[in-house]
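Heads up, the next two complexes both have chain A, just with different partners, chain B and then chain C.
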Partner chain A sequence: MKNKLLVIINDIRRAKNQPVVDDLHENDNLRSDLGLTSFDLAELTVRVEDEFDIDIFEDGLVNTVGEILKKLEK
Partner chain B sequence: MIDGGKSYSYSALLQSINADDYFPLLKTTDLFSYFSNLVKALANNRSLTLLDSDLNQAELKGMDENLVNAKEKVSTIDFSSMVDVIDAVKNSNSRVTIFTSGTTGQPKKISHDVQTLTRSVRQGGKYADHIWGYAYNPTHMAGIQVFFQAFMNKNVIVNVFNRSRHEIYEMVDKYSITHLSATPTFYRLLLPMEKTCTSVQRVTLGGEKSDEHLYQAIRAIFPSAKINNVYASTEAGSLFASKGDCFQLPAANRDKFKIMDGELLIHRSLLGCSNSLALDGDFYHSGDLIEWVNQQEGLFRFKGRKNELINVGGYKINPEEVETMLNSIEGIRQSVVYGKANSVIGNILCADILLEQTVKMTELDIRQLLNGKLQDYKIPRRIRFVESISVTRTGKLKRT
Partner chain C sequence: MNYLVTGCSRGVGLEICRVLLSEGHDVYGIARSHSEEFKLLECDYDGKLFFKSIDLSDCENVRKNVFREFVHNGIQLHGYVNNAAMAYDDIVTNLNLGKLRQMYAVNVFTPMMITKYVLRNMLLHHTQGSIVHISSVSVHTGYKGLAMYASSKGALEAFSKDTAREWGERGVRSNVVVPGFMETQMSSSLTAEQKDRIYKRTSLKAATDVHSVAETVAFLLSEKACSITGQNICVDNGTI
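Take a look at the complex of A and B:
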């Protein structure tokens, strides 16, 4: 699951000509550590929903990789 | 007139006009019966409503369905020649009711007098030999304008609306079409170029935003043609002459136009009659977004439609701006940009892309190319590659 999330995040970074990240950490902040803008986050929700059928922003904002993983594990 | 392999002469038209009945509310796919009914009504000072052949029941709301395609007797004037008919149409006191295309909700009803519909028609010797490729829906403003221009000069009309690319090239050649008037979408669908068409002398674009990339393609397909633009609306008819890719407000009645928040406002005196047009004082909000090229000379460029702006995270995005950028990428034939509802930012920007036949491109390639050319929020976040792009009833791009 973490790997799939890594692929999605790297796809978004690559489209903006940003270098890919090798690994995700639970405490990584989506904005400050992974450099995602709100437009990127919107894209992330769509791609995660395509993959896992879960809307990660359904009940409010998530800020870290760990929070996303927790939603996906439910 | 040539339509679907059949041809009709102006004397056949005269004969049909001198027959007894007409249809105040005709719904037909047959272009000749449609036009002969229109001319017959106008020449006899009868009013009529123009209906799309595919108009459905919901869109007909408020109209008595039993009246659709019901004949009405007219004791017709016996015309001895087309010249008399054309004169009668010019001086007709009929009113013609048409509908907006209704891409954003219920179609609106607008009624015009014949003089408004024909005000941009030019007649005379030098217009006599024109052969028109008819590329518009005949029940909407642009199609009506082209019809009157051709009819009042007794020109040949070749119906090319809704034909495939290959058929259009064939027909232009076979009938030596000299004049084409169509939406930018129509011309984009002629790409990739099959061959050059030297018979065409004039290419007119209207109804949507066009761009330099498209002009280049048109110049290649129609090397002998002059290119111009028209601005016409269902509400007001033909309004502006073009100057290159710009339009100019006519000096004589410049006070009949206002620009508010980039939107063009038109004075009520230039409009047809309708109950469904909301006026702001004496002005009507056209919904067309424009930018000044030279405000003093009244020179402006068409930017897009206000109701098509997509709200992405509080930014209003003009899909036509993004499409223009996409279409300028080598290998992309055509694109459609639209919004998809999203819980984070309201809408997420999406694009459907039609590639040139032999081109291989990925979503990543396109987004990397756009990076730095468009601001982050204007870059589509979902790109689908499609085999075909749909158009509306009036031949414009359909944004889903």
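Take a look at the complex of A and C:
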């Protein structure tokens, strides 16, 4: 699950010519640490939804990697 | 190209499907009723035209009804035509909140929810798609009895403009076609005299041609309109 998330986030970063990250940490902030904009988060949401059939933005904002993983574990 | 068209069973929606199919596209149609005219079109375009009966006042279940059970992520959408609408005609002092809520569900809330998931589909597939909302001349020219209906269409026009601004950087366009009064079921409750008075307000002194409206929608969906976004295009026989 975490690996799949890493692949998706790196796909988005690569498309913006940002270097890929080697690993994800639960406390990583999606915006300040991983450099994702609101449009990038929208793309992350649809990619995650397509993969896991869970809408991570359904009940409000998501800030960290840990928060996404928690929603996917439910 | 794959296009989603709501209110496809008759009138302008049916004509939009006909034009898009004649151009070789695949059309996913949604309406409450599966009309005989639509079934005939399905026979002519077997494997290109798809239908699902959906109650568009159910804005809570758009994701499930439309995007899980019909146009799933495996289908790359290139465009969405928001045509389905219901009319609620009355003078303002008779305004009924229940009827107003129902009209807003069909004319505004469901189209906004569908737009949300259409954009998600376009994001997933990196599609530079096109969204077209069908509005009404009554937003721009006042008519007795249409204040509530016109307000719902005005909401769509604002939604479209801001959608265009928000998603333009991803190449998605959003426009509105503003038709004049047409000879469709939507205007069937009007008397001949009322219609005549309405048509006299137009430059061309006639009902707006349904095919002209459908062709304009097809144009806005196409690459020919690649530099047009955030606009309201009037197809109204010159109601000026």
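In this text, the second predicted complex is superposed on the first by the 74 of 74 C-alpha atoms of A that agree within 3 Å, B and C clash if a C-alpha of one lies under 4 Å from a C-alpha of the other, contacts with A are read in each partner's own complex, and residues count from 1 in each chain.
We adopt the following convention: a contact is a pair of C-beta atoms (placed from the backbone, for glycine too) under 8 Å apart; a residue touches a chain by one contact, two chains touch by 3 or more.
As the structure is a prediction and not an experimental result, all values here were calculated from the model.
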item: Clash or fit (per the criteria above) of chain B with chain C on chain A; value: clash
item: First (chain B), second (chain C), both or neither touched by A:Phe57; value: first
item: Contacts of A:Leu41 with chain B and chain C, given as first, second, both or neither; value: first
item: Contacts of A:Arg14 with chain B and chain C, given as first, second, both or neither; value: first
item: Winner by number of chain A residues touched, once chain B and chain C are compared; value: B
item: Contacts of A:Glu26 with chain B and chain C, given as first, second, both or neither; value: neither
item: Footprint overlap on chain A, where chain B in one structure and chain C in the other make contact; value: 39, 42-43, 45-46
item: Residue ranges of chain B touching chain A (in the complex, touch as defined); value: 312-313, 340, 342-345, 348, 363-364, 367-368, 371, 376-377, 379, 381-382
item: Residue numbers on chain C that touch chain A, as the complex places them; value: 73, 119-121, 123-124, 169-170
item: Interfacial residue positions of chain A with respect to chain B in the complex; value: 11, 14-17, 37-39, 41-43, 45-46, 55, 57-58
item: Residues of chain A touching chain C in the complex; value: 39, 42-43, 45-47, 49-50
